[in-house]
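Labels run A, B and C following the written order; every chain starts at residue 1.
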Amino acid sequence: MNLKSMSTAVGLALLASTSIASAAGELNIYNWGNYISPDMIKKFEKQFDVKVTVTDYDSNDTALAKVRQGGTGFDIAMPSQTFIPIWIQEGLIQETNPGQMENFKNVSPEWANPDFDPGRKYSVPWAWGTIGVVVNTDTYKGPADSWGIIFDTPDELKGKVNVVPEMNDVIFAAIKYAGGEQCTEDKAILKKVRDMLVAAKPNWIAMEYNTIEKMGAGDFKATSDWNGSALRQRLANAAIHYNYPKEGYGLWSDNVVVLKEAKNLENAKLFQNFMMDPENAAMNSAFHRYANGIAGSDKFMPADMKEAPEVIIPEAVKAKGELQRLCSPETQALYTKIWTELQK
Amino acid sequence: MATAAEIEKQAEAREVRNRWLLSAPALIIILLAASGPLLIVLLYSFLTPGPYGDVQWKFSTEGWISVILERDIFDDTLAFASAHLTIFWRSLKLAIMATVATLIFGFPTAYFIATRSERTRDIWLFLITIPFWTNLLIRTFAVLQVIRNEGIINTALLNLGIVDQPIQMLYTDFAIMVGMVYVYLPLMVLPLYASMEKLDFRLVEAGYDLYATRWQVLRRIIFPMVRPGVVAGSILVFIPAIGAYVTPSVLGGGKNMMFANLIELQFGQGRNWPLGAALSITVMAIVMVALLVYVRNTSSSEVRHG
Amino acid sequence: MAKRFTIRHQTGFTAIAAACFVLLYLPIAVLVAYAFNESTSVSEWGGFSLRWFVSAWNNVQVIDASIRSLKIASSAAIIATIVATMAALATTRTRAYRGLTFKYAFINQPLMVPEIVTGVALLIFFSQIKVATGYSGLGYLIAAHTAFCIPFAYLPIRARLENMDLTLERAAADLYATPWKAFRRVTLPLLWPGIIAGLMLAFVISLDDVVITEFVKSGGQDTLPTYMLGQIRRGITPEVNAISTVFLLLSVVIVTLFFFMSRKRD
């Protein structure tokens, strides 16, 4: 038995005054699970003689709740674009000014000055992607570039469609299909959205995240999904095809930020700069399978990603992509009610 | 001179004090790391939701009101929050069914173990818990592998020619039940075993001597003797099952919310912590009252000997 | 002997027990089989391979998380079982006294709160302590796990105690055994099956916990379940099957050791 950890518990109060020294050579990363290349970490550790620790979170909400309370010991996190304004507004992250860093010149123009962090004062691009419709073309051969696959399911796909249960993504897609704008409070549109969702649900087989596995094995024949996930599905089964819905699709982007309470500030800044290096960014993309927003990284990308239609948005549908925003709390409350109605 | 009554009273007071001392460590740990912090939740249920999660320090009863009443987002009428009741009912039904099912399967299993020879009992007991060294998620995924259309049951049935189409078991209520029994079985078997292990078979023998049938012996002699184990096991299955959501969503497909999902939604994407807090205190109060009634009723009819 | 056996027999019980063991081990067999699968998918068989064991072995994060899980579970289970045993002794075989029902409800309270709520409450409470003291070690997780493990240890022990024969303890007291001696020599051995059941329950419950851990953990404190939770959106690899197989193997080794040790004692 583990006497050491037992005494840790018992002596909790006694330890009150001691603190864990922040060794110069440490970096504590708080990230989505399975989202960071181990090889890239090793490279960073070697290059700067820093010991990196990675801890996972499962959602933006959990990460925000924990960081807001403080005391977690993290230096770096990767919140999504919708959440970054909140992190800034609540003073959770530091103005490290990546826009002034040496490698900033590599950031591709469309990600150099985003709305969620004007002038890139806080954040560095980590990964970005799209949310669309994945269809197994063995089962359904018709045109699939529409949210109609999900919300107005064709007969061949009835009972075989999955929906990834991300409330905001599903509502975004449903609003687009109903002809509205994101974050709309228009009751007429929302009523349409609710009725449409409730009517569509019986045609779905499930609402879950495990799409790579289930699309590959054939439990699902279509699903809403992230593009990187779709890429992995196609590599397993060539009949699987990713579609950009013509009604409009969501764009997202996760970004590297440095927490206010970071104990290893210098290492965290080094990491931000490190991530804007094309070779490093490509190394990471090869692992998480998403684009990274760093120009010049494409030549270091693995072959199966260089031309992948899931990663490189075709010119013809580029205009239909829209970066998802954070909706107002009042709007969010409406969406939560619709969601509860859908899943009750 | 102290009267006998006084001495007895003193002894009794001493005993009560000792009993408090003996239970103090457990009570303190629970106070510090479970119950105490819940006061925060109680407090939060009376505050206003923060714009992006958390709370604002402004008194409000909105959280509590919306447990029961709901303002329709379209016609603005105040109506009974039927969605909450539907979801609670689903969780409650599942918990009751899971408790009954684990009892049906767990009772014979615990009895089987308790009637093995003394030396092998521990081994059987360990065999019950070994699958639980993996964790809940992976265990549920393992069940999924067995019952899905490409899983071994369907593959076997197809190969044997018993069916010509895979039977859709995954994403059905049947799948959820199998999963619940699978996940909660040891919670029923272990306490049952603990109270059966010391079963006095002389009483059973006496029963047979009086020409009781096996069923009568089981119902009239064995069952009353192991009742504390049945109570403990039922509590351990029923209460966690009310809060279950991993198993129902992995095996049931996650199209319908469980009560725990509803609460989680408020603390997560719904960003309504006061409502989440009020919902959880509501369910806690219901379960607590049910538990006390259950325990009071079952322990009054308890068999005591010695 | 033969007669005793028939007395103990109940029609159909052995069959149901057998069905239970099959139900318990069939999925486990599949889980273990897929740990040796060459393919990335856990649904298609791609031939025998040890690649997932190798890859898990090289994955510092998953190895650390597994060891941390075992550490927390064994600490929490042992502490919880000790205090639960004491509490069970204090709340059974007695006339009703003031506070008895309260104690019972209080001890079982951690069962009744949805995990997310305890998680959020502990997050708020422990974060204050973390910020104030600067200590952010495993102690918080062990304390939290111990608290919710207590009812799981308490209930089987209590069930065992509830109608345990008092005669032997009285006899011991009559023979001038000290209370401690009477407890150690008489009560404890009689109580042992309940304690073992409680300990095992507490251990597996701690090993399973994900939501509370997710909220309480600090940097570098992932357990195996929170590690898996983090991967849900991105897909879980068969590395987890490999790790689980190792855990199962470990538990079998411990059982075997136990078995031989108890044999020696006999």
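Assume a residue touches a chain if its C-beta (ideal position, glycine included) is under 8 Å from a C-beta of that chain, and two chains touch if they have at least 3 such contacts.
Since the model is a prediction, treat every value here as computed from it, not as a measurement.
Using the touch definition from the top, what's the fewest steps needed to get from chain B to chain C?
Step count on the best path from chain B to chain C: 1.
Would you mind checking which pair of chains has the most C-beta pairs in contact?
B-C
Distance from the CA centroid of chain B to that of chain C, rounded to the nearest Å?
Roughly 15 Å separates the two chain centres.
Per the centroid of Cα atoms for each chain, what is the distance between chain A and chain C, given in Å?
Taking the mean C-alpha position of each chain, the two centres sit 34 Å apart.
Name the residues of chain A that each touch 2 or more other chains.
62, 65, 217
By the touch rule stated above, which residues of chain C touch at least two different other chains?
42-43, 79, 120, 124, 143, 146, 228-229, 236
Could you list which residues of chain B touch at least two other chains?
Each of 148, 150, 267 in chain B touches at least two other chains.
Using the touch rule from the top, collect the residues of chain C that touch chain B in their complex.
Touch list, chain C to chain B: 4, 7-14, 16-17, 19-21, 23-28, 30-31, 34, 42-43, 69, 79-80, 82-84, 86-87, 89-91, 94, 97-99, 101, 103-118, 120-122, 124-125, 143-144, 146-148, 150-152, 154-160, 162-167, 190, 193-194, 196-198, 200-201, 204, 207-208, 210, 224-225, 228-229, 236, 240-241, 244, 247-248, 250-252, 255, 258-259, 262-263, 266.
Would you mind writing out the residues of chain A in touch with chain C in their complex?
Within the complex, chain A touches chain C at residues 1-2, 5-6, 8-12, 15-20, 28, 30, 32-35, 38, 53-58, 62, 65-66, 69-74, 209-210, 212-213, 216-217, 229, 232, 236, 288.
Of all residues in chain B, which touch chain C in the complex?
15-16, 18-23, 25-27, 29-30, 32-38, 40-41, 104-106, 108-109, 111-113, 115, 119, 122-123, 125-139, 141-143, 145-146, 148, 150-152, 178, 181-182, 185-187, 190-191, 193-195, 197-198, 201, 204-205, 208, 214, 218, 225, 228-229, 231-232, 235-236, 239-240, 243, 259-260, 263-264, 267, 273, 276-277, 280, 283-284, 287-288, 291-292, 295-296, 302-306
Over in the complex, which chain C residues touch chain A? Could you list them?
For chain C paired with chain A, touching residues are 40-44, 59-61, 71-72, 74-76, 78-79, 120, 123-124, 126-131, 133-140, 142-143, 146, 214-215, 217-222, 226-237.
Where on chain B is chain A touching in the complex?
So the residues of chain B in touch with chain A come to 49, 51-54, 70, 73-74, 83, 86-87, 148-150, 170-171, 249-250, 253-257, 261-262, 265-272.
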